[in-house]
Every structure is written in structure tokens, then in C-alpha cells.
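Please find the structures below.
Common to both upcoming complexes is chain A, partnered first by chain B, then by chain C.
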Partner chain A sequence: MKKNTVLGLEVPCGPNGVSVITVLQAIQGYYGYLPEEALEKAARELKVPLIDFYSVATFYKNFRLAPQGRREVVTCTGTACHVRGSEKITEEISRTLGVDIGSTTEDGEYSLKCVNCVGACALAPLVIVDGRYYGQMTSLKVRRLFSDNPTKTEQTVSSGLSE
Partner chain B sequence: MDLEAPKIKSAEEFFYIQRNYQKQYRDNNRFIVICGDTGCTARNSKAILGNLDRCLKEKDLSETVGTRFTGCLGLCESGPLVIVYPEEILYHRVIPDDMLEIVEETVLEGRIIDRLIYRDPSSGEKYAYARDLPFYKKQVRNLLGGNWKTDPTKIEDYIALGGYEALVKAVTEMSPGEVVQEVKEARLRGRGGAGFDAGLKWEECFKASGRKFIICNADEGDPGAFMDRSLLEGNPHAVLEGLIIGAYATGAREGVVYIRSEYPTAVEKIKTAINRAEELGLVGDDILGSGFGVQIYLSIGAGAFVCGETSALIASVDGRIGEPVQKPPRLVQHGYLDRPTVVNNVETLANVPHIIKQGAENYRATGTEASSGTKIFSLVGKVNNTGLVEVPLGMTLREIIFEIGGGIKEGKAFKAVQTGGPSGGCLPASYLDLPTDFESLTEVGSLMGSGGMIVMDEDTCMVDLAGYFLKFLADESCGCCFTCREGINRLLELVQNISCGRGSLDQLDLLKELAEVVKDSTLCGLGQTAPNPVLSTIKYFEDEYRAHILQNKCPAGVCRALITFEIIESYCNGCGLCKKNCPSDAITGEQKQTHYIDKDQCDKCGICFSTCRNEAILKQ
Partner chain C sequence: MINLTMDGLKISVEPGATLLDVARFYGANIPTLCYDEALSPYGACRLCLVEIGEPGKSRLVSSCTYPAREKLNVRTNTVRVMQTRKMIIELYLATCPSSKTIQDLASKYGVTGVRFSPKNEECILCGLCVRMCEEQMQAKAIGFVDRGVNRRISTAFDRKSEQCRLCGACMYICPVCQARCQGPSEESTLCNACLNLSPPCLENNDHTLCYMDPCAACELKKKTNQ
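And then the complex of A and B:
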């Protein structure tokens, strides 16, 4: 597959070369978010109005204009997770970590976000912490997952299929 | 893996290489399959693979016993799954420590380990061999069958099992027009939702001239659906082969796989598949010396449900915001870069090699007259055997949910099944004998959609569910049409009013009226189908809406504003578990004395209800 460089970053090409989306993905892949300065530079380099970058960055859910917490907590809110109680799980995480959906804790440790379905419906309700999946969550498992001794709990939560 | 393999230049060369791969495959028929799908991986199947490799090394079996980390094996509920070949012994809920026993007992001694074999939750019967499981027995796994025996990262496995034969046949024996004709005769209908005739779409593109494109739509956004993800993770070459054949038939020389970023494993698998196919010369210029060539690109989505709509998808491939555009002109006339473009769903493309290989007539033998072939459903929700099922089109909902799915969890009562994702509808028990094909489902106010099938039991509130879908759609509306942008939000407000006990019968009428307006006055499929969940739940479960409005009650005990929690004094032994776990400090009481819930303080999270061991908490 062909690639091109923008801001020194490798950007995969489509039939029409690089696109605003692929450039933003590359920038976010490198910085973890979309820093203003990088967007300005990329816009100049590609001779695309900066507003195009911002309109795309704010339209799609994956793009972030601010840095995220060191650990990313994602709850799945797909239908299967919803009917198995994901709303309560999200609420419990929000309460346990003291963070609202879509924001980051004050100490910059955790970011909490919801996604619409990750397609692992058999594990519903599902929570993903830094890319690791925790299935069949309950409010109590949430508390254990984020307790003082996370390593021990992580094992029990992920290997225990039920309470 | 032979990375230096030269490009295949002719059909003869292909079959020569295939014979080699087949010999390798046959010679290594003792192998162990571990499900490496997202679901099973989340349950530690990578550690199982690691342990297995270690055990095999210790027993000096690494040379004689192969391992395959495959895509979804279907029965996700019982994961992680392990299958021992050639006997096809299926073990479920395996943990890494079980691997030593499996190697010692099953591989070396040929004994079946009783505690690891599948036990049917409803009948209690045990099944040792995968083929005997009731879950698999009624299925026709034409597309998913490949997942069982193929390592998705190895093109060798796919070719050994007959993969790319259809491509060879198409480009060396058939003209593009003949391929189009074959697909048309097979009556292959788009599996992405609308059910449009794929052959017709191809024909129109075939007739157009100049630069053309074919796009594989892998933006599977419907919540509760993961068919496409599993196909891409388990058998990416099947999708790729369909795409290449599609390019040949339509005359497109550039193909794009548009895949959502929420599926990182699928992205990796399809990327590897494209690279391997390029190395062997099955993608690129002059495929098999036929003069036909196609370049395949990968385009990764950035998180927008509306991009599943084809015109929005094309905007997104082009790097713009995913706003749908008015059709006509249809995409097959003015699509990507304003050129003729065909967009096909993942599952549709995966069907193509089967059609070419076995011929349209044989393909049509499965399914119904108007909807031929099989359909993959993701059977999820409150059903015993959650997982992926592939059945001939036209099988009844009852067969799928009760015979394959094993019925409702915990013996509860079936309430409804939701098909078609957020655009679909909810069907009550009286429609269980409805055949699942495109027309039947649409007729009763639901949709086939991409194949999500969410089963609901007595504990699901239909008003809450309608609210859930509206919230989803309100979030995902691109904002282009006023009636979609504002209308869905107003619908949501009305439904939320009802679930809070602030509704009235007038509002119910207003809800229906507004739903019709949204349906009639929006541009794309998202808005036009957005009111379906509301309309279908009102149509079939109006009683529940009325109970919320007239009696201020939520019969399923879900809507928070309408339920209360109370402790039944005679059942409470004062263990204090509820008090300890209550996040809002609403429970009081001394150790070994009856506890009480302060209703003003209680925020109805239900933790006490699920933690009490004495069933002393009353929810009503």
C-alpha cells in the first residue's frame, strides 16, 4: 500500500492520495490528540484551509482536540450491552473515578468515554481499559477493577466469567 | 511462510501452488484451533495459545501438532473455545491451565475431557464433537465455516481449502459480463441492510465507462451486530476475493475497503490479507496473466455511524465530513470522485466466491425464492447461546432464537426481538414464526438490516429501549436535515417524558405524528428509518406505554423514576452487605438488625438488589 509523508509522519494513501482524515489520524496516532500547532502546520503543508481540518476533527468521534488521560476507560453502550445494564456500569465508573463521560480526571490519570458497539456482544456489558476487555461487568466488579490493588483485581475480573 | 514466493502468473501455476498448500495442510491434520476473535481474546485466549505452545514444546510435539489462532467460531457465549482436530472435539470455557491436560489427555491419549465439553443449558445434555452441538446443527455455515479451519493471517490455509479458485475461474474462464450475469442470476441481495440486488448494481457499473471504483463497506455501525467484524477477522481473504471479482466484473481498477476504527483486529487482518495477496500477485497488475489488474486501498473510518450510508461513506473515503447527499444521481453514476462507484457490504462480497464456484443455480438452492443464500445474524441479548449464527434466508425467528439460540436466559419469558439495528423494529412473540427474509421483516415494521438480532426478555422495558435507540440516533445524526436533527431530539424528549411518568396520552399521539414527519422528510436512510423503533414498540407494546402514562408504572422495572426499592423486613437478616455497597449511603441499620432504605437518598442504582443474598430487596 502506498504512503506519503506529511509533517514527517507516514500517511497511507487512497486512490486520491492523502486525505484530511488520514492526515488527522496520523497526527493523532503520533501525539495522542490533535495539537493546534500541528493542525496549522499540516494545513499549510497541504494547502488546505484550516477550517477543513477543524470541521472534520469535530464531526468524527475519534478525534480529540485535547490531551487524554494516561489511562483510557471505554464503556460499550451497544444494544446488547444496554439491555444487560451498561448504563449502570457507566454510572458506577463515573462515580468511582469521579469523572464525567467524555472527560478526564483532574489528575490526568483516567479518561472515560462511551462507544456505540465494539462487537463483543457476548461479553455484555463490556468495559475496555487501555485496550483490555473486561466482560460481563457488574457494579461491584467496576469497583474492584478500580480499587487500590488493580493488578490482582484485573486478573479476577477478566478470568472470572461470572461473579 | 514462504515470503519469497514469486507472483502467480497463470491458472496452471495457481493450481500447482494450491496442490502444494493442500499437501502441507493434509500432512498436518493434527492441529488445535483456538478462537482468537475479539470476544474470546477478551477472555484470555491469547494466554491459552501461549500455554499451548509451551506445552507442545515440553512434550516435543511442536513439529507434529499444529496450532491455529482463528476468527470467530460462533458460540461466543461459551468462549474461549478450543477445537482439537482431526476429531473436532470442542472444549468450551477453557482457561490457560487446561491446556496441559488437553495435550496430555486428548492429543496424546485420545481421551475426551468430560468437564470441558459443552453442556446444553436447557436440556443438560453433553456434546463432545463440534458438529453435534444443537447450536451448529441447524446452521448452514457457508461463509463462517472457513473460520474454523483457517488461520486468517495465512493465505496458504485459504488457498488449500479452495480459496481464490473462484477468482481464477472468473478471470481466466469468464468475461466480466458473464460474472455479472452469474451474480444476477444468483439473486444475491445486499447484506448491508437495504437488500438491493447486487447483480443489478454491478451491471449498471459494468455498463458505465471510464475510471470506476468498487468499495467494500465494512463500517458496521449497528450496535449489537458483529457479523462483518467476524468475517474480516476470521476469513479476510474471502471478502478480498469477492472484492477482486467485483472489480473484474464491474470494470473497476481501484478498490477500497472502508473499515471502522473500532475494529482494530479486523483492520490488521485485512491489511495482512491485502499484503499477502499482493505478494502472490492476486492483487495488483496483470492478475494471473489475464491482463486484468486492481489496486486495493484501505480506508479507516473515524467514528460516525452515518458513514455506513453509502454517499456519506464516499465522502468519508474522500476525507470529508460524512454527510449524505441527495440521490439520484445514484452512486453508480456519480460516486467517489464523481466516478461510477459500487459499494458492497462485507458479507455480500463474501458470498461472491461461492456463487462463482458453485454456479448461480446451486447457490439459489439455499434460501427462499426472493432471498437466496444464507444470512449471518449476531444473536445477542438475553439468549442462552449468544453468538454468530448463519442460516438459510427464510428460517423462522423461533428456530433461530429457541433451537439454535437455546432459548431465553435463566428460563425467563421471551418478550421481543429487535432486528435491523437502530433502523429496525421490535417484534413480539406473536411473530416468532415469521420467516426472516427481507420482505417479511419489512412488512411487519422491522428490517433485515445488517443482521443484528437482539433478544429481549421480561426485564427489558420497551419504552426505555425506544429511548435508547433515539438517543443513539440523535447522537449520530449528521445534522444535515432539520427534521432529523431536531425531530429525533423531540421524539427522544417525548419518550423520556413517558419513561419519567410525565407523559400523557396526547403525547403518545404526538409521538406517532412526529415519527411520521421525520420518516417522510429526511434525506437519507438514517432519518427515514429513525422512527422505526418508536413506531414498532408503540404498535406492539402500547400497553407498556400506557402503563407508564396512566399508572406511573414501569412493568419491567427499568425506568428509574417509576420504581422504588424497599427492604422486606422479614427477609432481612441484617448482614449489612447492601449498606456496605450502597453508593449513595441511602441504607441504614445496625448489624444483625433490619435495614432500611431512605427513598429520598436512594438513586435507584439497584446494587442492593443484585447484592442481597436473601432476596430481601423488593423492586417495584
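And then the complex of A and C:
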């Protein structure tokens, strides 16, 4: 495949040049998120209006406009998890870590986000920390999970899922 | 040439024409909110819908984006079209009751009640401003941001845009920017004030039309002068 460089990053190139999505992916791949200055520079380099980048970046959930925390906490708010109280679980996590949905703690440690069903509904309500699945969560389990001593593995249900 | 039927009329049109072009050329009355002659059609508001296909298997399509096709049977004013259109106007009214354009549509198409609670939004996401900025002003300063219920019009990073030349064209074309006659924040969702005026020309002139738009514009003027 033909390659092109944007901001010195390699971007796969289609017949009509590079697409906005591939440029964003390359930038996020490098920085871990989409820094404003990088998008501005790329827009200038490619002579694309900045709003095109911003529209696409805000449309897809995979793109982040703020840096990600070192650890990623994901709660499922899909139907099964919702029915089994995922809202309370998310609130509890939000309170315990002091972070809003979709943002990162001040010390840059945890990011919290919600997804809709990850296909493990039998384990509802579900919390995923750095790719590790914790099923049948309760407020107590949440507090234990994020206490200073998170070695207790009793709450890890079928960690095989995470591999 | 493409041959089609519109409201029973046999019509030949150049390829490339949309059903809206055809309808407007032949004088069929089709309201639009997201269409402008100078901009590419977008098909967002659904107000321009018409019914195509044989009765029984017909469907509703947006005429501004539907190209004229051979042997198409188009109907622009069936009960189904009118009912759906009224429903759409009612929904827009609930979204943006402060818009004069939408209130006028309601008066014109006889929408006399709104069954939804007003949202008082400032935008119906018709995309006219975005297309205006890009296609006529060559600025591309604004666009759609986010998605789903959070979708909105904004500049990149919601900051003042370097591309924007403050031409004001986006506001000029916006169907929601103009406040309705009684001002933006009236208590009732529906205005319909025009409906309560009887056109005076009918009493005075037997055979003439005044061509004022809206009808009773003369009365409206007197009212506001008082």
C-alpha cells in the first residue's frame, strides 16, 4: 500500500490521498490521544479544514481528545448490565475514584468510560479494568477493587475472558 | 428525456432533475426547510416528502434528494403526505417554538395543536449553515460535532475559527434564527396568530388577488403599527 507522511507519521494512502480517519488514527497511535496542536498542524499540512478533523474525532468513540489515564476502567451499561444495576456501579466507581464518566482523574491514573454490552451479559453487571473482566459487581466489590490493596482476586470472575 | 407522472400530469424532464425541481417547475406546492437552490440537497428535514409508486405499494421519499426516474408515479398531495408533513411540522414546533419559519409553516399547513412538550432548542440540524459556509463562502469554519442526541453545530474545538470571515451567511440562511412575531419566548408553543385574521381583500375586491405573503400581511402590518 502506498504511504504518505503527515507530521512525520506514516499514514496509509488510498487512491484519493489520505483519509481523515487514517490521519487521526496515526496521530492517536503516536500520542495516545488527539492533541489540539497536532490536529491543527496536520490540518495546515494537508490543507484540510480543522472542523473536518474535529467532526470525525467527536463522532467516533475510539478517538480521544484528552490524554488517557494509565489505567482504563470501563463499565458496561448495556441492557443486561443496566437491568442488574450498572448505573449504581458506575456512580460508585465515579465517587470512589473521583472521576466523571468519559474523563480522567487529576493524577492521570484512571480513566472511566461506559460501553454498551461487551457480550458477557451472564456476568452482569460488568466492570473491565485494563482489559480484565470483573463480573457480578456490587458497590462493595467496587470499593475493594479500587482500595489500596487490590490483590484479592475473589471478585475476578472468569479472568480467562481478558486474555 | 425522462417521462414520469406527477399528480396525474404526464411530464418529461431532463435527466439529473430531482422530484423537487420538477414539482416546483410545475407549480406543485412543496415546503422545505433544509433546501436552498444555491446549495447541494441534503435531505435532512423530510418536509419535502412526496409519495412515489403505485397505491398500495407506495412509499414516502424526500423529493429534494430523489432523482426523477422513468415511469415514476409521483403524488405530492395525498392524505398520507399531508398527514406525515403535519406531524413533522408539529415535531419541529416542539423542538424550536421560537422560529418564525416553523410557526409560519404551522399556520400555512393547518397545524393547530402541539402534543409534545417544547424543547426550545436553537437548532434543527438542517445543515444549511454548514453547506452555506462551505459551498458559497468557501470557509468551512463550522460543521457537525458529536453524534446522536448530542449532535450540534460548532467550530473546531468550539473556539473562534480562523477560517470564519464573519460574513454572517450562516445566520442569514438559518431557518431558526428569526424569532416569531411575538418574540422568542412566548408562553404557548404554537403561534397561529395569522390564522385568526380574515383576509380583508376578499370583502373588498371580487376578482383580484393581492399576492401578499403571508396572506393578511396587510392586516399584520396594521396590527404592528398600532
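Everything below uses one rule, namely that the second predicted complex is superposed on the first by the 128 of 163 C-alpha atoms of A that agree within 3 Å, B and C clash if a C-alpha of one lies under 4 Å from a C-alpha of the other, contacts with A are read in each partner's own complex, and residues count from 1 in each chain.
By definition in this document, a residue touches a chain if its C-beta (ideal position, glycine included) is under 8 Å from a C-beta of that chain, and two chains touch if they have at least 3 such contacts.
Every value quoted in this text rests on a predicted model; they were computed, and no experiment measured them.
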item: Residue contacts on chain A - larger count, chain B or chain C; value: B
item: Touched partner set for A:F59, first chain B, second chain C, both or neither; value: both
item: First, second, both or neither for A:Y133, with chain B first and chain C second; value: first
item: Which superposed partner A:E36 touches (first chain B, second chain C, both, neither); value: second
item: Touching both chain B and chain C, residues of chain A; value: 55, 59
item: Contact set on chain A toward chain B in their complex; value: 1, 12-16, 18-25, 55-56, 59-63, 77-84, 88, 91-92, 95, 115-124, 126, 132-135, 138-140, 158-159, 161
item: Contact set on chain B toward chain A in their complex; value: 38-39, 41-44, 76-77, 79, 93, 95, 213, 220-226, 229-230, 254, 256, 261-263, 271, 274-275, 295, 297-305, 316-322, 336-337, 378, 380-382, 386-387, 418, 421, 452, 454, 456, 460, 465, 468-469, 472, 475-476, 478, 581, 583, 605-607, 610-611
item: Residues of chain C touching chain A in the complex; value: 140-147, 154-157, 161-163
item: Chain A - residues contacting chain C, complex; value: 36, 39, 49-55, 58-59
